[in-house]
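A, B, C and D label the chains in the order they appear, each numbered from 1.
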């Protein structure tokens, strides 16, 4: 029996750099396969943060974190794994002379890694970071010999090594013999790249591939092989509160009330998707069950608009609904439907799609001068289990993609980020409700679902994490 | 002839320089690579660093000077995305594209000339109608339709061919088959039109008076006279293929230069874009030169 | 002078062409279809604009040929439950504007430049040809992005981008033919008569070149209609809820295997239009060529 | 007596045109025996070429249609042969020399290839065919046969092309040779050689020759019998001598009476200021000098005839004057301005004054223009010549003058016979009312009666409007009737020049003398005598 698997990805892997593994196409190949992390977030069994290369960790008196590393681990190049490797991995990822993606998650803090002994390492953060172990799941561990430049042959402690990479065509991983952990059932994996979803689905159907982690909802027609999963992506329309008429609360409420969100589910948005009340999906810490999604109430929306108009708010200003081309499935149709719903409620709405680069100009600060009222429809991904990966960017006064400036929000974000345990959860809950109900910060739409097609010979189901990683060790054969 | 080629090479060099300069400056008007390379949450500091590393903070003329200087040392720069030499990235892809283009165009040319000529031989006849109709329908159908239907039928349904990818000869059949259709339709039409005129000329009468058989009359006497517009259109279609067959590359996972170029343009990976344009441009220039030489070979009355 | 020494009036060309059209039933059907398309292009948006925008999520992807919904739904409905027939009718205007505009301008500019390049001195010719080389190797997507950034999105700019990228094929074809035709004796004869270069090029050379160019243009029409939708992807040009056939096809792409009608009907519209244009150009090739014209005149006689 | 080799019985051919049906050939019958030479004489446009094309099955059908008749060749009706049987006959058993050599040669293949193909198409091996082709080229008098094999048709002069066609037709020693005006573009010396060649082959293989010609001299020289056609019908058939002596039909009588070379010769006016003065004109193709140091003067209202060997550079001189070929050297002063050095722009202004009738009428008429458009084009280009309201009348007049019917104005060039096309070209040149007309074999494809009419017309214009002519021709009797001065060319150089009287009555150079001596007389008896003398010379 063939114990290797072929996995077809939707986007070519152009780089196999461990410090870039937060990019989903890279992460799906490297994370936990070639490179491992100190800890990982278990979304499969819902077990929360689990040890990997670190056996345990604790917060010290001064707020810094101490990690006790696993012993007897070797890298695939034969060198042993110790604390210096961890420090090098962290420093390398944060080094400004290469453009790794990781530093963006460490914005607004300075972290110092300090080797205590071969198997113990301290991370000192300023300000204190209650979720530092979670943050460290983003750091792939590489040997300390790794140069501070992008590598093409990643070395890691994972159960697999890279044995072939033909750019544009395939990447092959094979199992190594001296892996520290349990030997996975899969002995090797070939990664293929196909941009077309129908082809990806067909490849599993013909047996040319075993797993296609993302296929189109429409192609997911075979219950025996096709799985849907909440994929941690949230679609929402970002409003800019500094531009009239979005500076008026009634207008923002009307906007939300005008959308018949239910009508989308099972039609333009696949069954299984959830109506959103926050920009991150439900299993995230501090998810507030009590927050109710805005109902569909066009009369109320119209009434609110009239009221605002009576107060001299420029509700007739044409609003631009801005989408990014090919952003998510049915992007165009969904926005067209939103446009029509808004128009029926009395708004004047134009639709405009932009290519990534121009979209970015509108989506991130500094926003263009003289812009009119815009609803920027974007998709945000947070599968990391904590709102802090979203909140600052999206809602803090100087968040890069924030459309609001609210002192109370700023304060809540600051406090929540510094807090731990129940306090942290409570603060996030408060913020969730405040943003949704009182500020009416934006036009929240859906938490999306993804679809995977898996060959029947495999015993594997996708999870929320499948968006960012695909540990081969999770795969078993039937 | 040699002096013609020399003159031509010189003129082409100027075009190439023009092209590179235009692409260099125009592409830099189209937004900041940092915004695309880095995630949108990245801080301004990270962006600045990124630009610093890739020399994007310098005045554009300085950047251009540096680019030219490197180019003179045959250094096309690195791909920002891939952290590899751009030339390497492009030449790998281009070799695939070149093979695909050469094979496809050879098949297309042979088939279209035969079909078009036979159609012209009996204008309005049964063969003419059928050949024209099918080739035209093929040529105006969206290529992704054809591609996906072909996959559904031949790979999923019949299981004869692999859906996509590379590796064996079988992998080439669907992409070539799909790519074949449009140029085939177009060239059949051009051959047909041009042949209608050629076949009614007086020298064809002479050939008949000499007792030459029908096949050489069509394919020797008339065809060569009819070839001028035909090779021009073949050249145009070949150029389109050399620029990359994006749909085919996307659907069949074919590692050619088309999707690479598009991705690089959308990602503002300028070095790759420039390298790709230069390589394809040189190929296209050479092809056009060959075509111009072919004119003179085909028709001795043409002078340069 | 006797009474027979009177030059008879030319037979009314209109009547003559009508008769020749009648003789070729395929061309006749093509003309009728194209007339319908033109009429729809004019009245479509005002006539069905409203219906074509009316969304109905419950009736999304409704299959075709369900009479009970009413004739507008006969071709089925799209992903937002809008009747496809109405949408195709409404899309006609934009489609014709964009595709027609692009093909027209590229053919016009390309042909004129090609004629000049072929007939003018070698220096001008070289300059034009090398410029064509540059355009030929400039990726259309990059051009689109550049135009988008510099000029902003608009239908006109879309037409500009599409037109520029298609110029070289007309240019090269026209020039290649001119190189040969200008050596023909009747061109020399016209020069002796004192005909200006403009007259020689347009009156004597162009008619010989034109049929080939028309053949290319008709197939380009299909190509441009499809290419236009791939540029819409960049946000240049037509934006939903405005619609073109190409856009409808690309929106229906993902439903190809589940709701084929979404992209099939607009695809069919493109195929039929292209086919009609091609049949028409094939007919014109014969009708405008005195040495071929008998093919139509004879048949007309026998039939009528 | 055995069946004749070829019998044409009641042949009728129709053409379809927009204006209706043209009956080109009406119930034509004639026959031809092995070893016999039959000449078809007749008015230009009378259906000679069409009848002969019908024998070869080369009429485009449609638009042409053979409405009745039989063509029986060696016992079989050619009209009923299958395509493959037909192929075995064409080229092999029956060969044809076309009237219009340039358009009938494939422009993109070397002439060697085209001649060789005739033979290989019928099974001869390539090396053998090549050797044979070389021999043939030598026989028809193409200079440097080896080098010429690799050249293309456009690199040959009109007469040379005609000889290439002849070589091609004779390649397989056919049983029947159809020669459509095979010597129109040949100077008399070459013509004599070609005719001798035909005769030789005829004796060798018993070839039957069907020769279409308007040159009564040629008829007298080689034809055994004559068929005279007029308006699509055979009006007279008979033995050559008998037809010449006792023509029965009025048309035949008219034809014989119109034979040129009998009128008085011109005496040029005393020298005035020349309008055109050419000095040291030179043209080199590669390293071949086509024209070398040609100089002459031309006065207003005067005719300069250029005669000479085929390929001697006559057409090249004409084309240089009009700058259709860039001169390599020399000057040509037109009213004081150098035509050779003039920039294109300046030349424009002069274009109207200098017109040309090309040697090859088919190629020089735009196939997409009607006769009406062709003739009026000059008036469109030069609006000053004639107000639009007068166009119709004037066009009709011109057509009439060149012997065409005005109702043909709506037809296209391909719908005319060779001679008719030439007349269209003449009418076109006249329409511009130029000051100089260069006629390159402008009347060589015309039957003598029409020729006489056209020459008379040109002569009238010369006198009344003072138009000057450069008249390139090989037909010495016509030159004698029309020219004031004659210039004799050979191998690119002027051999001798002088007034018509000087050249004709008192030729000084041996070449000129040979040229004059080689001329053919329309009288079969005279011609028979000369022939006997020639044969005696050769024998003795």
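Going forward, a contact is a pair of C-beta atoms (placed from the backbone, for glycine too) under 8 Å apart; a residue touches a chain by one contact, two chains touch by 3 or more.
Computed from a predicted structure; not experimentally measured.
Student: Greatest Cα-centroid separation from chain D: which chain?
Tutor: A
Student: For chain A versus chain D, what separation do you get between their C-alpha means, in angstrom?
Tutor: The computed centroid separation for chain A versus chain D comes out at 88 Å.
Student: Between chain A and chain C, what's the gap in Å when you average each chain's C-alpha atoms?
Tutor: 46
Student: Which integer distance in Å separates the CA centroid of chain A from that of chain B?
Tutor: 39
Student: When the C-alpha atoms of chain B and chain C are each averaged to a single point, how far apart are the two points in Å?
Tutor: Each chain's C-alpha centroid was found; their separation is 22 Å.
Student: Which residue numbers or ranges of chain B touch two or more of the other chains?
Tutor: In chain B, residues 30-31, 148, 152, 200, 266, 299, 301 touch at least two other chains, as defined above.
Student: Out of chain C, which residues touch more than one other chain, so two or more?
Tutor: Within chain C, residues 145, 148-149, 183, 256-257, 289, 291, 295 contact more than one other chain.
Student: Any chance you could list the residues of chain A touching two or more other chains?
Tutor: In chain A, 198, 355, 357-358 touch at least two other chains.
Student: Which pairs of chains touch each other in this structure?
Tutor: Touching chain pairs, listed by label, are A-B, A-C, B-C, B-D, C-D.
Student: Using the touch definition up top, name the residues of chain D that touch chain B in the complex.
Tutor: For chain D paired with chain B, touching residues are 56-58, 60, 83, 87-92, 95-96, 98, 100, 103-109, 114, 117-118, 121-122, 152, 154, 168, 362.
Student: Using the touch definition up top, name the residues of chain B that touch chain A in the complex.
Tutor: Listed in rising order, the residues of chain B that touch chain A are 30-32, 35-43, 46, 49-50, 53, 79, 81-84, 89, 92-93, 148, 151-152, 155-156, 159, 162-166, 250-253, 255, 259-260, 263, 266, 268.
Student: Give the list of chain A residues in touch with chain C in this complex.
Tutor: Within the complex, chain A contacts chain C at residues 197-198, 216, 218-219, 221, 263-264, 267-268, 325-326, 329-330, 332-333, 335-337, 339-340, 351-355, 357-358.
Student: Under the definition above, what is the set of chain C residues touching chain D in their complex?
Tutor: Checking each residue of chain C against chain D gives 1, 4-8, 10-11, 16, 183-186, 188-196, 199, 204, 207-208, 288-291, 293-295, 297-298, 301.
Student: Over in the complex, which chain D residues touch chain C? Could you list them?
Tutor: 16-19, 62-63, 102, 154, 319, 322, 324, 348, 351-352, 354-356, 358, 360, 363-368, 370, 372, 377-378, 381-382, 392, 395-397, 399-400, 405-407, 409-410, 412, 414, 425, 428, 432
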